[in-house]
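Structure in structure tokens, see below.
Order of writing sets the labels: A, B, C and D. Residues in every chain begin at 1.
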Amino acid sequence: MASVDIETIETPSLEDPVLLEGLPGVANVGALAAGHLIDAYDATLVRRIYSEHFPPQVMIEGRSATLTGTELHAIDLEGRDVLVLTGDHQPQTPIGHYRVTEAFLDVAESFGVSEIIAMGGVPTGELIDEYDVLGAATEDAFADRLEEAGVIFREDEPAGGIIGISGLLLGLGARRDLPAACLMGETSGYLVDPMSATRLLEVLQTLYDFSVDTGSLDERAEEMEEVLNKIQEFEAEAHVDVPGDEDLRYIG
Amino acid sequence: MASVDIETIETPSLEDPVLLEGLPGVANVGALAAGHLIDAYDATLVRRIYSEHFPPQVMIEGRSATLTGTELHAIDLEGRDVLVLTGDHQPQTPIGHYRVTEAFLDVAESFGVSEIIAMGGVPTGELIDEYDVLGAATEDAFADRLEEAGVIFREDEPAGGIIGISGLLLGLGARRDLPAACLMGETSGYLVDPMSATRLLEVLQTLYDFSVDTGSLDERAEEMEEVLNKIQEFEAEAHVDVPGDEDLRYIG
Amino acid sequence: MASVDIETIETPSLEDPVLLEGLPGVANVGALAAGHLIDAYDATLVRRIYSEHFPPQVMIEGRSATLTGTELHAIDLEGRDVLVLTGDHQPQTPIGHYRVTEAFLDVAESFGVSEIIAMGGVPTGELIDEYDVLGAATEDAFADRLEEAGVIFREDEPAGGIIGISGLLLGLGARRDLPAACLMGETSGYLVDPMSATRLLEVLQTLYDFSVDTGSLDERAEEMEEVLNKIQEFEAEAHVDVPGDEDLRYIG
Amino acid sequence: MASVDIETIETPSLEDPVLLEGLPGVANVGALAAGHLIDAYDATLVRRIYSEHFPPQVMIEGRSATLTGTELHAIDLEGRDVLVLTGDHQPQTPIGHYRVTEAFLDVAESFGVSEIIAMGGVPTGELIDEYDVLGAATEDAFADRLEEAGVIFREDEPAGGIIGISGLLLGLGARRDLPAACLMGETSGYLVDPMSATRLLEVLQTLYDFSVDTGSLDERAEEMEEVLNKIQEFEAEAHVDVPGDEDLRYIG
């Protein structure tokens, strides 16, 4: 197997497609949003991308074992062609992140991708009522369009920058003159957060003018809320403090 | 030395051989099963495989030091040719796992291997009376044959997938259209577990229609049980809890 | 992207330039000194240097995301051409340090650099009143010039040598017959230390005969001193010991 | 710089030289023995070997900084040509150990080396009165000669094998048909152990029929013993237990 190994399933002709990335990350916000679109639309699997930079692992579905990797699906988002990138894992090393992202961009360019949206979550470290979707972009015009669609840009935030595949799709995308942006759904960060994913999809619907039912995400959000309530009740009884900023770990 | 260095000892002509892997892992189940077959049959060492992805280490036997690596033995399992892969260590990095597994598959293909069985253990985290052998496969027909031989397939299990050389023999084997399966002997995971290896060999005997005396493994199993009993007595006296799920560490 | 990717912005003709490195490190002394010179003089950005050996990360400025990396600015230090190397991060692995430093030296040689000064901090582990600037050099004649400019050479110090890009600019620079020295501003190491950077710039001014206003660094030094005083007051009240040598961690 | 970079200083003609390795390790036994021979005989520096697999570091001697690496000196051991390999560090990764050791063996072969002795320490985990020198070898005839010279071979020991450059000089040396052995001076492992190095040199003197004054090592051994006595007195007063087997860490 090559360092990155691209399996071609189908090569539909797409017009000006957007690359939409939703790999695992903070509260799984990006992965939930990407998975929801693949389920909601008639998705065509076009590429599987394997790499020695992913963990040495197979995933089990039913009785069947398949090599861990990422998948690229084509969907027609009510007139706008979109390639959705999803998968099981982030690469295992810094160099792996660079090499795999370059391969993703090669594939994207082979489909004529004209812009990139990386999706993820940004932890607030406390329970929040109002979910904002924060943004960062590589070009001013792209940032303007996102602000019009309801994305919030906070000067110099996130302070630590954006790491992982999402970050490099912007950084290396820009090096290829591909406009790229990152949409980050705010989330407490305690648990998988379908509510944050719903908010992110609302912004996307405005941006690309489509309408998708997020009922199933809302149901999962209610379930997660019940889990959270029980944890809080238990903590209140036990006189245990709710975790503060420093205790925050991603629980997915 | 090349990144992976294959030393040819002998190249017997084999008919449709099975590749049977038993490298060190959970409770050493796979390694015990593989070693037992090599001891029980008239095994021919055919290849030694070294790699910079293994630890920088020599092993000492008697007065003699030899470079750590893996060995491939050919055995005739009462009519069925089998190549048994054993060794001292797993590779040290994710990339190393991929590179070494590809080399194993190259060698396997050079012998005309027609199917692959990776053997290992799966920890239950508690002492168990009934040892099941769990399975996962890359092809449905292979899974059917294994179920007939007594292998248990549990929907989507193990949940974390299969990692290491065993996992990649399935994942990368499938990428080469080589049918592959993993047999995982259930084990508490506390200690080296010869009983789990015996159960795994029972399944193999049904699958490939051979009969091997596992008396020596049963003896070692009794010894391990005594060790375990003493640990439990000691813990009972000391009012120490038996380790729970979270305390489980592989002790080999 | 290549393993190290050099983006050419401008290629001014420079005479015998000095390469002055100030990447992040102990108390950020080198980075503060380098940044101060870039701000104080009319700096020209000449190269951006990216690498897969840096973290997989974009930095956010305003609304804009840019790939993490290093920048090389040209400044005219009152008659002496200088190339100032600054950036966000050190490489992530030992090999990465070697590869990135070689690339820096390639660029430096392409501009005809005749000597190299690596700037950093050396932690004393206690609050200090008198800030010395320690030195190490690859050639005796260079060490002599530095001593005349007020740099202190302490026999065989620092005992642990110099690590990171600063260390390799000396070690690999010498392998190319490029005279190189490291200037290390003494610092408690508790906090970002603008006072140590000021002292380092005083030595540089003597060495290269220029005069720069360090007022803004002095102001930041006063702010840091207030922060430190408050920490000490708090510790005194709480009867907590001031951290000893072993507790010292770089806080930047 | 290449992955491993060999600087040629001199290339004297040597007859059947032995390669004697003494890099840093357990209680620094090998390094002490190697350094003592370089000091005692008229050593000629023949090669410096640098590598990106060593730490990114310069060492400071006096005012001068030099890239970390290893040195190969030629000495005439009263009729027997010997190449002594010493240095500051072990490589930083498993792969680095393999690559650097292959380079050492390339250099050794270019000088016509006919056998290899790797020197190190083996920790006993308790204070010892009688220092044995343990051995392991790649060829029986070599093991016989070592036993005649007083080296002790303990069946299958050390149980964990031999790791690092010493281990690979044996393992990879044997792959090139170069007879190789490891001499391991027993040591408590608490501190740098010149007494263990003296014992190792006694064996070497018998093996290669030379005589070297080890007075300076004996003096350092006495100093270390005083240090150890003071530590023990202090621990006795403080009613602190002497560290048991599990607490043993190399202190060098």
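Keep in mind that, in the parts below, contacts are C-beta pairs under 8 Å (C-beta built on N, C-alpha and C of every residue); 3 or more make two chains touch, one makes a residue touch a chain.
Predicted model only: the values in this text are computed from it and were never measured.
Listed by label, the chains touching chain A and chain C alike form an empty list.
Once the centre of each chain is set as its mean CA position, chain B and chain C turn out to be 52 Å apart. Our note on geometry: chain A versus chain B, Cα centroid distance of 37 Å, whole angstroms. In chain B, no position touches at least two other chains.
Viewed as a network of touching protein chains, the structure reduces to one closed ring of chains, two contacts apiece. Contact between chains, per the stated criterion, is found for A-B, A-C, B-D, C-D.
On the chain B side of its complex with chain A, the touching residues are 91, 94-95, 97-99, 101-102, 135-138, 140, 143, 153, 155-159, 161-165, 167-168, 170-172, 174-175, 180, 182.
Listed in rising order, the residues of chain C touching chain A in the complex are 1, 5, 7, 50, 52-68, 92-93, 96.
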